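Both of the next two complexes hold chain A, though its partner changes from chain B to chain C.
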Partner chain A sequence: MTLLDARGLVKYFPVTAGLLRRRVGDVKAVDGVSLAIEEGTTLALVGETGSGKTTLGRLLTRLLTPTNGQIVFEGRDITGLDEQALRPVRRQMQMVFQNPASSLNPRRRVKEIIEEPLVVHGIGTPVARLRQVRELLERVALPPRDFLFRYPHALSGGQRQRVAIARALALHPRLIVLDEPTSALDVSVQAKIIGLLRRLQRELRLTYLFISHDLSLVRNVAESIAVMYLGKIVELAAAERLFTSPSHPYTRALLSAIPTVSDEEAALIPEKIVLRGEIPSPSRVPPGCAFHPRCYARIDGCDRVVPELITLGDGHAARCILYDPALGAPGLPNVIARRE
Partner chain B sequence: MSVQLAQRERHWVGRSAVHWRRFRLLLIGGCLVGLVVLSAIFADVISPYSPYDIDVAIKLQPPNRAHWLGTDEFGRDVLSRVIHAARISVKVAAVAVSVGLIGGGVIGIAAGYFGGPVDMVLMRFMELLFSFPAILLAIVLMAVLGTSILNAMTAIGIIFIPGFSRLARAATQDVLRQQYIEAAHTIGMSDVRILTREILPNIITPLFVEAMAAFAYAVLLESSLSFLGLGAQPPEPSWGNMLNTGRGFMDQAPWLGVVPGMAMLIGVLGFNLLGDGLRDVFDPRLREAA
Partner chain C sequence: MAGRQLTDQPGSRERGNAGTRCQEPLLSVEDLVIHFHLYEGLARVINGVSLTIRRGESVALVGETGCGKSITAKAILGLLPPNAEIVSGRIVFAGRDLRRLPEEALQKIRGRKMAMIFQDPGTALNPVFTVGDQLMDVASWQGASRAPLVRRHNGELRRRCLDMLRLVRIPDPESTFRRYPIELSGGMRQRVLIALALLGEPDLLIADELGTALDVSIQDQILEELRELVRTQGLSVLYITHNLGVARLVSDRIYVMYGGEIAEVAPTAAMFSRQLHPYSQGLLAAIPRLSGSIGEGIEGRIPDYIDPPPACRFAPRCPFRMAICDQQRPLLAASEPGRLAACHLYPASTRR
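Now for the complex of A and B:
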């Protein structure tokens, strides 16, 4: 069953200038994204800084209101709901943020932080809530006795993130948006948090939207992966398929950039591709295919035609003119390495 | 190992030296403020005479054993009057700072939190108030409101509102950038609850530190108003109106001017040092730098 379905989501942030706040342009943070998340699965959203993945996460949880498009959650359109009407929806979708140092209020104790969602939604008596907070702490493997009355500054990064996860679980949500939940943590702690998240998903039948810039991390947690570039999904596939047959030139470049420690691993990834330049600013998206200025497989027309997301079968789709049947779908050339 | 130990030791010595320097400021400020506040509270108990008892027979006596700080032109005991004047100063300063803190805090938090047109309108109005010299604004307000101690408190409080509002707005915007505010939205907290539970506790410290510094300024402003005859009305003693009277007797009886002047110095210096000391203790940026 599809839990969350986004259709044609668009979010433009206006750029204003001058005394009268005249609108001189838009930052196209998210530009026409459609995706669906099946209940109990994990969809990973991968992209560089500035690709719009975080904005997309904020749109789906309605922390931001989309400029255009539609969000359907549990079969219900939640796009236009106001803050009041969103309250019951918010119980079902929670969020874990990137930086646990700033996602916990430094002036409140662990108990208050985890209890807050219950208080806000008027759940239980104080005694019942305390019991629930204890259970939540045990779920995230923090002994309640030691942690209930601590302040966030007395916790390590991993412990803080566990508290943030406990807070997200308090309302028994069905969907949790994980916005780079491990990127601020040490590698050893990362593995533990990922392990915890997977255990919780099994035990509680949770659905995750996992936002990350780390493809190799996502491979172990997600059923399907969406790769974003400048506000658009450029490739969407089941996790294994994305790794075995990456189809968009950008995905292939990302995969080739994964560091390897052994020859076997190195054999799995395509030739080393070094992209030219940096991701452009979303306020000045190149014409045609947004990726064309950095693309190594560019052909004539890439700078004019905006490519559609083309289905390659089995839920695999890529936004690249090379798969356009009208052009005979030549596909990506095999030898594309250009060592520069 | 020994290098490490030595480093740690030096680090520790450095820290404690910095701590001591700060603590000393706090201590001196606290003592001076304590002196003024205690005089204000226990004025009736500690002052040797009534500040209002006139005895023309002993007028303009220099400091002597019976009247430690001399007597004024009506033969009133200067020590008793200066002690009672502390009461006015502390009372006016406390009320005025509260008015500024609460008024400025509410305006600043609202402007910072709601942003947009609310921010625009509120802050432009604050800038308008800010653009007048403080004492001039106070005189204008007193002229409109009428001369009384209560109005002096209000006028000084209004002068403080723009400063507190700017501070509260900046601190609020700082907190708004923290992810726990987004987290608060995702769990469905209302605006009021976010303002009182998440934002207020995180901006209260700089506001309190600013309040201490404002206290010193309030003492000075109250004295200025009284000096100009707009604050405490004779025969009620105030450092400002005592100074004003003393001005006329500077060559015959200099203690009439020097004593209230020294009292103001003690009060203002004390509140300033206390404010600075508190800022050093509470400002995390300064703490990390040490």
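Now for the complex of A and C:
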């Protein structure tokens, strides 16, 4: 069953200038994104700084209101709901943020932090809530006796993130948006948190939207992966397939740049492609294909035609003119000439 | 050309010479012990760290948050905070014991003979001066007093700065020279920081978490470019990083640090094919692989430096913990030819 379905999501942030704050342009943070998440699975959103992955996560949970498009959650259109109508929906979707040092209130104890969502939604008596908080702490493998009355500063980074996860679980949500949940942590701690998230997903049949910039990490947590570049999904595929046959030139370059730690992995990544230049600002998206100024497989027309997301079969799609059947779908050349 | 200028410097930069001078390390840190005076008590942070860097060698010092790798680098540069105290140990750079040098002499070495590429391109540049001002400032600084203001308008210096920007592949150096740091992207700022470090024509570069604040495609560009520069200029580099993938890409040898001590030393290729120390093993296993596997991670947390474990600092988290691990500190010793490990699993570490 499809738990969350988004169609043609758009979010523009206006850029204003002058005394009258006149609108002079837009930051096209998310520009026409469609995706669906199946219940009990993990969809990963991968992209570099400014690709719009965090904005998309916030749109899907309606923390931001989309400029255009539609969001269907549990079969119900939640795009136009007001705050009042959103309250019951919000119980079903929770978020875990990147930096647990700033997402936990430093003046509250662990018990109060985890209890907060229950209080906000008016659930249970104080005694019942305390019992629930204890259960939640046990779920995230923090012994309640030791942790209930501690403050966040007295916890390690990994323990703080466990508290943030416990808080997200308090309302028994179906969807959890994990926004870079481990990127502030060391790898030995990251592995522990990932193990916990996987166990919780199995036990509670959770659905995750996993936002990350780390391709090696999402390879290990997600069923499917969407790669974003300047507000658009440029490639969408099952996790394994994305790594065995990356089809968009950007995905391939991104994969080739990953520093690996074993020869086995190094054999998996494509021949090294060093991209020219840097990601343009989302307020000045290049015309045509947004990636064309940095693309090494660019052909005539890339700077004019905005490519569609073209299906390559088995749920695999790439937004690249090279797969356009009208052009004979030449595909990405296997041996790519190094940059001049 | 800046490149030629660098190589023309006297003071052997030739790489790979079998001469005796190349055998002598450029930098050697010997049994360094650093304590921090904190409100809570005395923190025994760096507990006998030794490391050497030969001329033309790239060495990576890897470890997780709080293992003491940045403090080691700061100690080498003489930039420790006031509450830190070097209790014992020697830091020998190009044959001179840095701890015995007066501050003035140290300043002539720091920033010139050895330079640091700072970690955060967002904060390491002064936001109120242009890139050019900051480069000229460093270029005109001779290691003693401030150079007279006229030097700032010196065409020769300006040319050197522009050459340096070209060397680190900044497109359009002339316009970048006039810009403020805020007008540059993260990648460009990182390049400016590299240019700043190279201006003094150093023998040793210390790169603290280079590129890890940047996106992977930019990080890759910069690391590749720096590696090329290091090769052509014959520089020695100490990379400080928590990213083992980066260490594998850039270094010849790796030091793994844990709890203020060196846990293992090995040539890079050997380290990645097999780790001897249980901490290195756990660390490598915890890294998510592209091939689709992720390990268990390591139980527990880094030691409390005020009350550290009595003998082996990794013992409380170690899956192979033995009785001796709590009684006797393991020595960093050659457990195999060319490799060092500090662990009682290897008889060499237990021997007294």
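The definition used in the following text is that the second predicted complex is superposed on the first by the 337 of 340 C-alpha atoms of A that agree within 3 Å, B and C clash if a C-alpha of one lies under 4 Å from a C-alpha of the other, contacts with A are read in each partner's own complex, and residues count from 1 in each chain.
As a convention for this text, a contact is a pair of C-beta atoms (placed from the backbone, for glycine too) under 8 Å apart; a residue touches a chain by one contact, two chains touch by 3 or more.
Nothing here was measured: the structure is a model prediction, and the numbers come from that model.
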item: Partner chain(s) touched by A:121 [first = chain B, second = chain C, both, neither]; value: first
item: Partner chain(s) touched by A:90 [first = chain B, second = chain C, both, neither]; value: first
item: A:171 touches, of chain B and chain C: first, second, both or neither?; value: first
item: Touched partner set for A:98, first chain B, second chain C, both or neither; value: first
item: Which superposed partner A:186 touches (first chain B, second chain C, both, neither); value: second
item: Touching partner for A:214 - first (chain B), second (chain C), both, neither; value: second
item: Which of chain B and chain C A:254 touches, first, second, both or neither; value: second
item: Partner chain(s) touched by A:63 [first = chain B, second = chain C, both, neither]; value: first
item: Broader residue contact with chain A after superposition on the shared chain, chain B or chain C; value: C
item: In the complex, chain C residues that touch chain A; value: 64-65, 185-188, 215-221, 223-224, 242-246, 248-249, 272-273, 282-298, 301
item: Footprint of chain B on chain A - complex, ascending; value: 58, 61, 63, 86-87, 90-91, 93-95, 97-99, 102-108, 116-117, 120-121, 164, 167, 170-171
item: Complex contact set, residues of chain B against chain A; value: 178-180, 182-190, 193, 197-198, 201-202
item: Touching residues (chain side chain A, partner chain C) in the complex; value: 48-49, 156-158, 186-195, 213-217, 219-220, 240, 243, 253-255, 257-265, 268-269, 274-275, 278-279
